[in-house]
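What follows is a set of structures to go through.
Two complexes follow with subunit A in common, the first pairing it with subunit B and the second with subunit C.
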Partner chain A sequence: MILEYLDVFISGLTNGSVYALMAVGLTLVYGVSKAFNFAYGSFYSLGGYFAWVLMVLVGLWGGYIVVFALAVPFLMGFGFVTEKLIIAPLRKRSDWEVKVMMITLGLALFMDNGFQVLFGPRMKSLPPLMEGAVSLGDIYIANQDIMIFVLSVSGILAFRWVLNNTRIGMAVRAVAQNPAGAKIVGIPKNRIFAATFGISTVMVGVGGILLAQKYFVSPMGGWDILVKSWVITAFGGMGSIRGGLLAAFILGMLEAFVGYWFGLSWVLFALFAVLLTTLAIRPQGLMGKWG
Partner chain B sequence: MSATMALVFGIMAVLPLFVGGTAHMMHILIMCLIWAVVASCWDLIMGFAGIFSFGQVAFFVIGAYASAIFSIQLGIHPLAAMVLAGLVTAAAGVLVGLPCMRLKGAYIALVTFAVHMILEPFLKSGMGRALGTGGTRGILTIPPMELFGITFAADNKIAVFYAALALAVICSAIIMLVIRSSWGTAFLALKDSQDFAASLGVSAFKYKLAVFALTSFLTGLVGGFYAHYIGMLSTRLLGIDLFVMLMIMLVLGGIGQFPGAILGAIMTVIGNEMLAPLGAYRPLVLGALVVVLVLLLPDGIMGLLRSLVPHKVAEQVRQG
Partner chain C sequence: MLKTTDLNAYYDQFHVLHQVSCEVHEGEVVLMLGPNGHGKSTLLKSICGLVHKVDGAIVYKGEAITRLSTEKLVNRGIIYIAENRELFGEMTVLENLKLGAYSRNARKAEKKNLARVFELFPRLATRKKQLASTMSGGEARMLAIARGLMSNADFLCIDEPSLGLQPNLRIEVFNIIREINRQGKTILLVEQNIPQIAELAGRIYVLEEGCITFEGTPEAAAREERLKEIFLGM
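This part shows the complex of A and B:
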């Protein structure tokens, strides 16, 4: 009994860590540029398919190290160009916020169906990051789970380091705090917007590669992720990275235990209940700043 | 505004004279009218009231299911079921709207779209089945509307068309009256500067909740009409492609450019039929179309027309 709970706990912990990575990406873009990306789930699938093409279709030499080395620049470039092409032109208008939601929703439909046309509707599976398991007495922890946890946590830490210690990180924070002020001191605001969009694409795309080994890749699989990242972002507080981390682990656990006790179909209802309760009691989320 | 609407509905009214013999063409025209109402309601809440509600399709589906369930389970007349369904949907709209009152921008989109996302698992769940949603299979035998000895069923499309036209005219007239009334002015004030409007005594709470109630009532009513016309329902209505199609109607017509949404709906439904030969590529094209339209046609057809027609003439057209 206790062992089963431990299994559920570990599953909650690994999923939570990846959710944290993805939710931080979503909150980053919203916090910096107030753009809400409805295609976030499709970017998740993009990461999964990118890895599938390299690992399974091409059968790349070098395994996941090479996949990640190629995926990061690819996703970064994809996000950057997407922002420049379809979001930046909208910023001039007063109603741009809703236009961004609409255009990214259109992009999501386009990408999802693009995946379906290119790769077919069937789910694709990826080989695990690492075979085998670690045993501690009666407890077995799959190496794959450990790798997923370590990689996503180091991804978040790396992002935090960039944000706090590099010039570009400082520029990103400056734009988030005061766009007009940042522009006055000569920070290229528009390039920062595109760069944050690129970084968030990397985060969700890498999340897609990490989770794809456990849950497959499918053309419509990203919608679930979009909803989860949203709920985490709202629960943790829009624009707050620490809140997002905390929320991701809480909701990862919630998901694992609700799934274990009541069945997977209840997970979405539970998340929705959390979302509504949060917004009713504390609309700014656990640690968010309002606005 | 009223002149454009009269022109559009007037042209629609005589179309059956030319295509009344073809059942498929009549079906397209009926769908044009149904979606025109749904898109106009969306325009009212999003374009005029400035509330980023992404639950419009969800409200349509709630109305359709509610009307079907009322007429099947309780055995009441479809017309009564439709009105009841509208009230149920309005209640749902107020329920969704309440938490949204404290929220801004993207948060509202988040909550309302979450309602959309959760509706499908709910309708398929044990709870939904207990209510009579038929689970994964959906509802297959919804009784058609019967009134004055006429059966408004799929095999009598001309009758359904004129019923839909009447419904669309009534709903559009209500929307137009709301926009022109003090409500419309209040929305405009709230959208431009909520704080300033509030300081002048405009209650954001009252007006925003009322617009949630009104648009979801009309949407639910039309959803019920759709259910009794089509005769069967499934959760496929909640697919993202239909949602995006509704969005195209609004973008094409112009957000906050009523009656643009009506024009947008008609063009989108007809355009979508012409895309039918594309098969699996159709949703791909729809997605790309949204991106292109939002970028190239920021104010929709109505905005384009207004920029083409000299300002004074446009003003006269709008007045008269």
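This part shows the complex of A and C:
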């Protein structure tokens, strides 16, 4: 019994860490540029397909290390260019926030259908990051889970480090806290918007590669992730990175235990129940502001 | 050093500045006076690339700079110091100052300027780690000016630096501005507290309803009967 709970706990922790990585990306873009990206789930699938093409279709030498080394610049560039091409031009117009939602929704449909045309409707599976398991007495932990956890947590820590210790990180925080102040000191706001969009694309795309090993890649697979990332963001507090991290782990656990006790079909129901209860009591989410 | 010719500025459909021509020579402090809401801040913001719609000409060091982005203007040495300070509240004093040196032109001089700023504002040096949002009004004002100086600019547009400050702090701010000017910075200043600031200024402009209605020395301005109202404060 205890051992089964431990399994569920580990699954919650692993998924929670990837959700955290992805939710931070979504909340980052919202916090910095007030744009809500409906194509976020499709970027998740993009990461998964990118890895699948390299690992399975091409059969790349070097395995996942090479995949990640290529995926990060690819996703960064994809996000940067997407922002410049379709979001930046809208920013000058009135009600641009709504227009951004509409155009990213359109992009999501375009991308998902593109995946279907290119790769077919069937799910693709990826080989595990690492075979085998670690045993501690009676407890077995799959190496794959450990790797997923370690990589997503390192991703978050690396992001945190960049945010706190580099010039561009400081500029990102400056734009989030006070866009007018950022403009005055000469920070190129538009480039920062595009860069954060690129960084968030890396976060969700890498999340897609990590989770694809457990949950496959499919053309419409991103919607579930968009919903979960959004729930985490709203639950944690729009624009709050710390809130997003906390919410991701809480919801990762909730998902694992609800799935274990009541079955997977209750998971989204439980997530929304928690979200609605939280928002009824604390409309700003767990941790209101950017932090 | 900086000259505007027939400058017009608009907010949406509101025509705020009308054919404003003014000039600031190198090393000068020029004071822009006028009633509230008549375009003084808009003039500073237009010069600093912070107003979307402007026409006319702005020439700085012999080059046309009308409609250049703020980013480019900061890089050329023009900085706006906002009346409402526009600090980064959730960041420390030191981080705010470092962000002041974001432009390429400022980066190379960051260390030197930081030392100079701490010399000018010793209180900031003891509060490097404090969050900007937790500072008092006077300290925040000092930080805003200090952040502006970090940009390595030669030309400072300072918007109502004494706004909301107690009289003793106002004097302190004016002394700082005098010192900054003495160190070679050219300053275009918008102010309301005229008696204390007039002695600082080389020349005065009066801006009313978006038009320049007076230009001259503080002494000449003091003799103008119709400016008495402005000089006595609003």
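Criterion: the second predicted complex is superposed on the first by the 289 of 291 C-alpha atoms of A that agree within 3 Å, B and C clash if a C-alpha of one lies under 4 Å from a C-alpha of the other, contacts with A are read in each partner's own complex, and residues count from 1 in each chain.
Assume contacts are C-beta pairs under 8 Å (C-beta built on N, C-alpha and C of every residue); 3 or more make two chains touch, one makes a residue touch a chain.
Just so you know, these numbers come straight off a predicted model, no measurement behind them.
J.: For A:A234, is the partner it touches subunit B (first), subunit C (second), both, or none of the two (neither)?
T.: In the superposed model, A:A234 contacts subunit B only, not subunit C.
J.: What is the contact status of A:A133 with respect to subunit B (first) and subunit C (second): first, second, both, or neither?
T.: So A:A133 meets neither subunit B nor subunit C here.
J.: Scan A:A158 for contacts with subunit B and subunit C and give back first, second, both or neither.
T.: The answer is neither, since A:A158 touches no partner chain.
J.: Would you check which partner chain A:V56 touches, where first means subunit B only, second means subunit C only, and both and neither mean what they say?
T.: In the superposition, A:V56 contacts neither subunit B nor subunit C.
J.: For A:L118, is the partner it touches subunit B (first), subunit C (second), both, or none of the two (neither)?
T.: A:L118 contacts neither subunit B nor subunit C.
J.: With the two complexes superposed on chain A, say which partner A:K183 touches: subunit B (first), subunit C (second), both, or neither.
T.: second
J.: So, A:V98: does it touch subunit B (first), subunit C (second), both, or neither?
T.: It touches subunit B, and subunit C stays clear.
J.: Please name the chain, subunit B or subunit C, that touches the greater number of residues in subunit A.
T.: Counting contacted residues of subunit A, the larger count belongs to B.
J.: Would you tell me the residues on subunit A in contact with subunit B in one complex that are also in contact with subunit C in the other?
T.: Subunit A residues touching both partners: 291.
J.: Mind pulling up the subunit A residues that touch subunit B in the complex?
T.: Touch list, subunit A to subunit B: 30, 34, 36, 86, 89-90, 93, 95, 97-99, 101-103, 105-114, 116-117, 220, 223, 227, 230-231, 234, 238, 265, 268-269, 272, 275-276, 279-280, 283, 291.
J.: Quick one: which bits of subunit A touch subunit C in the complex? Just the residue numbers, please.
T.: 167, 170-171, 173-174, 177-178, 180-188, 290-291
J.: Can you check the complex and tell me which residues of subunit B touch subunit A?
T.: The contact residues of subunit B facing subunit A are 46, 52, 54, 99, 102-107, 109-111, 114, 117-118, 121-122, 125, 240-241, 243-244, 247, 251, 255-256, 280-281, 283-284, 286-291, 294-295, 298.
J.: Given the complex with subunit A, which residues does subunit C contribute to the contact?
T.: Listed in rising order, the residues are 48, 50, 69-71, 73-75, 79-80, 82, 86-91, 95, 98-100, 102-103, 106, 147, 151.
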